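See below for the structure under consideration.
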Amino acid sequence: MSFPLLTATVVLPAVGAIATAAVPAAQRTAAKWLALVVSLATLVLAALVVVRFEPGGSRYQLTESHAWIKDFGVRYELGVDGIAVALLALTALLIPFVILAGWHDADTLETGSRRWRPTQGFFALILAVEAMVILSFEATDVFLFYIFFEAMLIPMYFLIGGFGDRAHEHGEKVASTQRSYAAVKFLLYNLVGGLIMLAAVIGLYVQAGTFSLPEIVQARANGSLHMATGTERWLFLGFFFAFAVKAPLWPVHTWLPNAMGEATAPVAVLITAVVDKVGTFAMLRFCLQLFPEASKWATPVILVLALISIVYGALLAVGQRDIKRLVAYASISHFGFIIMGIFAMTSQGQSGATLYMVNHGISTAALMLVAGFLISRRGSRLIADYGGVQKVAPVLAGTFLIGGLATLSLPGLAPFVSEFLVLVGTFARHPVIGIIATFGIVLAALYTLVLYQRTMTGPVKPEVAEMPDLRVREVLVVAPLIVLLIFLGVYPKPVADIVNPAVKQTMSDVHQTDPKPEVEAAK
Amino acid sequence: MENLIALLIAAPLLGAAVLLCGGRRLDAVGHWIGTLLAGLSFVFGALLFADMLGKAADHRTVTQHLFSWIPVSGFQADVTFRLDQLSMTFVLLITGVGSLIHLYSVGYMEHDERRRRFFGYLNLFLAAMLLLVLADNYLLLYVGWEGVGLASYLLIGFWQHKPSAATAAKKAFLVNRVGDMGLSIAIMLMFTTFGTFAFGPVFADVSGTGEGKLTAIALMLLLAACGKSAQVPLQSWLGDAMEGPTPVSALIHAATMVTAGVYLIVRSGAVFNAAPDAQLVVTVVGAVTLLFGAIVGCAKDDIKKALAGSTMSQIGYMVLAAGLGPIGYVFAIMHLVTHGFFKAGLFLGAGSVMHGMNDEVDMRKYGGLRKYMPVTFVTFGLGYLAIIGFPGLSGFFSKDKIIEAAFAKGGTEGWILGGAALLGAAITAYYMTRVMIMTFFGEKRWQPDEHGHEPHPHESPKSMTIPMIVLAFGSVFAGGLFSFGDRFLHWLEPVTGHQEGHPPVSAAVVTGATLVVLLVGAGIAYVQYGRRPVPVVAPRGSLLTRAARRDLLQDDFNHVVLVRGGEHLTRSLVYMDHTVVDGVVNGTAASVGGLSGRLRRLQNGYARSYAVSMFGGAAVLVALTLLMRAV
Amino acid sequence: MNPVNYLYLAALLFTIGATGVLIRRNAIVVFMCVELMLNACNLAFVTFSRMHGNLDGQIIAFFTMVVAAAEVVVGLAIIVSLFRTRHSASVDDASLMKL
Amino acid sequence: MSPQLAAYTTSTGEAFQFWVLGTVAVIGALCTVFMKKAVHSALCLAGTMIVLAVFYLANGAYFLGIVQIVVYTGAIMMLFLFVVMLVGVTAADSLKETIKGQRWLALVCGLGFGVLLLAGIANASLKDFNGLGRANANGNVEGLAALIFTKYVFAFEITGVLLITAAVGAMVLTHRERTERAKTQRELAEQRVREGKHLPPLPAPGVYARHNAVDIAGLLPDGTPSELTVNKTLRDRGQIRDVSDEAIADLKALEQRAAERLERAEDERPALKRTEEASK
């Protein structure tokens, strides 16, 4: 038996989380370093997964399978395809930056009590989220996936509710009320989604008699598992609803701005760049593969919802006065693109959507973390409180601009590749929707540039005049992300090569082929 | 030799990377690094040009495949460069004028503490512009297209502490984005129609495609061109873009970037040729813009904005020519190159004037400067003569050809387009004469600024005058050089194709008419501004003048409809998101809360009550079990 | 006679016991009623054991007795300590389970 | 009664026994529920349990029958009685219901449940009868032992653990450890002085020359009873016999006679109030 690499990528951060939590109260710094080292080691393991993965090989690779709950046929079944590998790598990559960016975020909570160890808790929770997210990317057993899809809400709840931004102008009490409101909202939305999904998971088991994704897909393909049209549609909706809440899709998006606004910047990155990706990933892996017919049936509605998300999210981003909420609404717009790409049912759209997940993770992380550094200096999230930062902190402003440009999908940076693929893929099948979605790129420019203009340019406000530029630690966080954005913008081939075969497979699972170009069709 | 193509782009790109990431250590030498790399790029361009001249006319196209960029099934985007005569022309223009302007900026930006960064941006612009003209497919072109937009954004907003500059930069980027939307839709259309968006296959397949699709593609490309080249209706950003440093206005907003739209149309000639309706729209846009820009140029007192109006108008000529199809492509590019020389020269001259006048831009506060800055006066004057089409200078050759071609379009359209072009020439003469007289002739009208500093007009340093002199040479001789023996025509014909136009009246008549309107325009300006003193405070002016000062009310329209409307829309959406979308969910939560509040009364806390519920529940379960068994 | 009658008796006793739990307030009597229910169950087990012809039912009844004994010990201890603190053995004296 | 008989048939004797004893058991159960005094309930329950023990024997569960008598009736019920004594042997519940609708709900549930159970049993196909002949062939106790120590050995061990835990638990719950030194008489006296009430010893119960039982509250001068005079335990059980009414009536009669003799006006009589009740 070979070394269980996938399990290792889960166990390592999980053990790391426990170990970090157990560090004595006095050794705060040790806890931070421990968490950082564990996350870097996980990154090494993830890199190993990427290396060991053969893009042209079988569908699921590095598989592991052990019986777990025998009576219900629940198995501990892991396996990765190209899409999962890409997202696994993204997660493992982002966590060290999240940890490094949040280095001092939990310090101010320190109180006299010896048993109260918020710093340890903060980093342990981040590692716990990492372990759960990675497992949900790897699980090929529907039930196993479901458990961790839900379980990750718990650490996220505490991260949002327990470690918010301490904005100076509200008193701490107001801030903490809003924080717990945001945390509860996050939890409730996702729990409701999860509950409906649980019903669908059970329904699926009743229909299929197994939880194993490959088995069900195979059974559906060779006709041995037949589902009535109505049943399939209901089950699809049950799964899709949970993922749409997680993603989030309009109109179940309102938890995201609250959660991202109240959480610290690294946690906001964790929400939008890592945890939410599980939602879109699951649409691609579970919704499409398990219910191909229902997916096709629901496509028009979902595309319209995605389109609304794109335009609506962007318009609301324009109207925001709070930096972090602005980024949150921008993310809603971007998730609209991802979902649109998935349900465009073309290989360009789906490859684009997968690349989009990776690129959006990196670009949002860059923008949000720099925004977090900015906010931590002034202690305010309101755009109006800034102005002229560019003059006093040029490196901060420069990195902020690059993050913003990535958000508006400037060609040459990674998000452009994916956004264009999604647009092309959608346009090929649904021209009108594709064209309307293109308005999104104008609106993206609008909210990004307005944000940059109001915070960074203009005369220097007296409150920001003394603002220090980025510190070494902060540069260490941002610089690699920017390098990565440029690299993946110029040379996305490595990721595309990993993703493409999996997308091709998914397309054939859904019985879809790309529309032929007119010229070729004429021939 | 092909490998040099990549180096052409790599040199300024390296410069941008080094200068922007290098930090303060490079402050002392940064500008020279930037200039050197721009010059190096020009040297590479010259080498490639020499190489190209050595080949037969039909074998001059070379491509360089670097790597596969976006490989997704059915969607292949490669990083491939294509160097043919058209690209070569642009490469030489961009690197040549670019290097000169780098040199000029060394002096112009001397006292700016962020000079290193300025050169980094300039280098970034060069790289992006070269990528734009060297790309072998539309997607790669798109990268360059937005790249120059970014550089333009950064450079317009270079003095970011001025809110007006920051706003202008944002506006330029946004308006360009609207155009970019057109380009991306065009690419998507190409992909669904042809299955590819590389130049070669697309142009080859044009014949087998329906005209409707092609018209749609062409119109979308036109939208892109309108955005980038400041054509009506997306012209509003160019005037505001003058907030940037003057070298930027010269390089980006006169000589190179704004002409990218013309490049796009000429490059996509095959598509436009197959879509006559789209071509008609192109000519209309060109004609409207050339008049629009000219009228705006007449009313502006800000020297750079007057020149910006002129740029808009001149690009209108080019677009008009490009819309005429094979009879106009070559002349569009020719005018583009000569315009690159004389307009860059004019802007540099304006920059030189501002440099000597404490950055004053209002022409009403100039006057009589010819005595103080002779070199500037001479070079600016030569540029002036070139742009109005004074016989023998560059502008004469290129503009005259375009007017001829417009008449050659034939039919009513030909007369209308030709007439518009002719009218445009008259207005050009008028407003350029106005600029010339207000700046260099008449009485001195400058006043102390608010700090009491009286400007002391003086000639600019060598690093600024040399580029102006070089460009003045270009303004004088380029047109002649190109036209004698139709050299430019033969050079470009293999790429763009050419068709001789036949104006309804002979070419000599058209030329004569052009000269007449030129004299009329210049004469009126002389009467208005040369014969009587120029008031320091602008008179109220006629309705048209007032409208033209406000860019013919286009900004007001934008403000009222787009900005205000957008603000209202976003504000109401924010409100809706909070009340309706969130409200539904919160309302559900509240009603569940109310219901549970009522249900809570059942929980009276007495253990026996709970026991009754349990027992009742057990009874129900038993009943259900029995029922199930019975059924 | 059919031994099923034992089952009817067990059911009857169980129901009486359950009703007693519901209507009596004295904790001790409630407890006795619980015992009555347990005994009714035991009777059923024993009868089933006889019907099935094996001793498993008796074993279960035996275990029930053991558990009941343990339960009584703890339960009465609780009643005693409750009585000590609240001076009452009524289950209705407090509605502490109310939110 | 032979094992054979018990195993295969239900003899007439058994039927007779069932109907007679069954009736007794049901009556006992009903009395358990409806008797006012806990001690009566306990006795009735014990009766029911003994009947059940007989039924166990009749069903061939000899061991269980004996255990039922020895353990249940002999030990557990006695434990109940002890606790009843502790809490108050004469304490009678008021059968008045305090929770609205509880009794009706309980009766409906009880009846419904009972009917359902009976219906269920009636519906079940319980025709086959195996009897315990073979199982009890080597003796009932041996059969049980064989099962307990083989098949159910784990459960058996666990019940052992349970019993020990229960015993320890009962001790923990009822044992009160003195956490501080007992107060001396002097300290108690000082405490009383500090608190400022009942400086002298509490008054004795009983009404002089009439009642001297400890559960009768002494009367205050105006004829109302003072609960302070009764032992705390009795007070907690609510076992206070109130004779104040008689005393008050006597007093009233005395006043009446005095008034008639002195011919005093009605309203000049001293008002009689039950001060303690008013204060409650």
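All chains are identified by letter, namely A, B, C and D, in their written order; residue positions are counted from 1 within each chain.
Simple rule for what comes next: a contact is a pair of C-beta atoms (placed from the backbone, for glycine too) under 8 Å apart; a residue touches a chain by one contact, two chains touch by 3 or more.
A quick map from chain label to UniProt name: C = NADH-quinone oxidoreductase subunit K.
Quick caveat, the model's predicted, so the values are computed rather than measured.
**Student:** For the interfaces C-D and B-C, which has the higher count of C-beta pairs in contact?
**Tutor:** C-D
**Student:** Just the number, please: Cα centre separation of chain C and chain D in whole Å.
**Tutor:** Result: the chain centres lie 14 Å from each other.
**Student:** Return the distance between the CA-based centres of chain B and chain C, expressed in whole Å.
**Tutor:** 91
**Student:** Between chain A and chain C, tell me the centre distance in angstrom, where each centre is the average of that chain's C-alpha atoms.
**Tutor:** 56
**Student:** With chain centres defined as C-alpha means, what is the inter-centre distance between chain A and chain D in Å?
**Tutor:** 65
**Student:** For chain D, what residues touch not just one other chain but two or more?
**Tutor:** Residues 99, 102, 105-106, 109-110, 113, 117.
**Student:** Would you give the residues of chain A that are in contact with at least 2 other chains, written as numbers and ranges?
**Tutor:** none
**Student:** Multi-chain contacts only, two chains or more: what residues does chain C have there?
**Tutor:** Correct list: 18, 22-23, 25, 92.
**Student:** Every touching chain pair, please?
**Tutor:** Between chains, contact exists in these pairs: A-B, B-C, B-D, C-D.
**Student:** In the complex of these two chains, what residues of chain D are touching chain C?
**Tutor:** 6-7, 10, 12, 14-15, 18, 22, 25-26, 29-30, 32-33, 38, 41-42, 45, 48-49, 52, 55-56, 59-61, 63-64, 67-68, 71-72, 75-76, 79-80, 83-84, 86-87, 91, 93, 97-99, 102-103, 105-107, 109-111, 113-114, 117-118, 121, 126, 128-136, 140, 143-144, 147-148, 152, 155-156, 159, 162-163, 165-167, 169-171, 173-174, 176, 236
**Student:** Along chain A, where are the residues that touch chain B in the complex?
**Tutor:** Going by the criterion above, the answer is residues 188-189, 250-251, 253-254, 312, 315-316, 318-320, 347-348, 351-352, 388, 390-391, 398, 405, 410-412, 416-417, 420-421, 423-424, 427-428, 431, 434-435, 438-439, 441-442, 445-446, 449-450, 453, 456-460, 490-493, 496-497, 500, 503-504, 514-520, 522.
**Student:** For the complex, which residues does chain C have touching chain B?
**Tutor:** So the residues of chain C in touch with chain B come to 18, 21-23, 25, 91-92, 94-99.
**Student:** Any idea which chain B residues touch chain A in the complex?
**Tutor:** For this pair, the touching residues of chain B are 20, 67-75, 139, 142-143, 145-147, 150, 153, 157, 160-163, 165-167, 169-170, 173-174, 177-178, 180-181, 184-185, 187-189, 191-196, 205, 208-209, 213, 566, 569-571, 573-574, 577, 581-582, 584-585, 589.
**Student:** Could you list, by residue number, the parts of chain D that touch chain B in their complex?
**Tutor:** Touch list, chain D to chain B: 99, 102, 105-106, 109-110, 112-113, 116-117, 119-120, 123.
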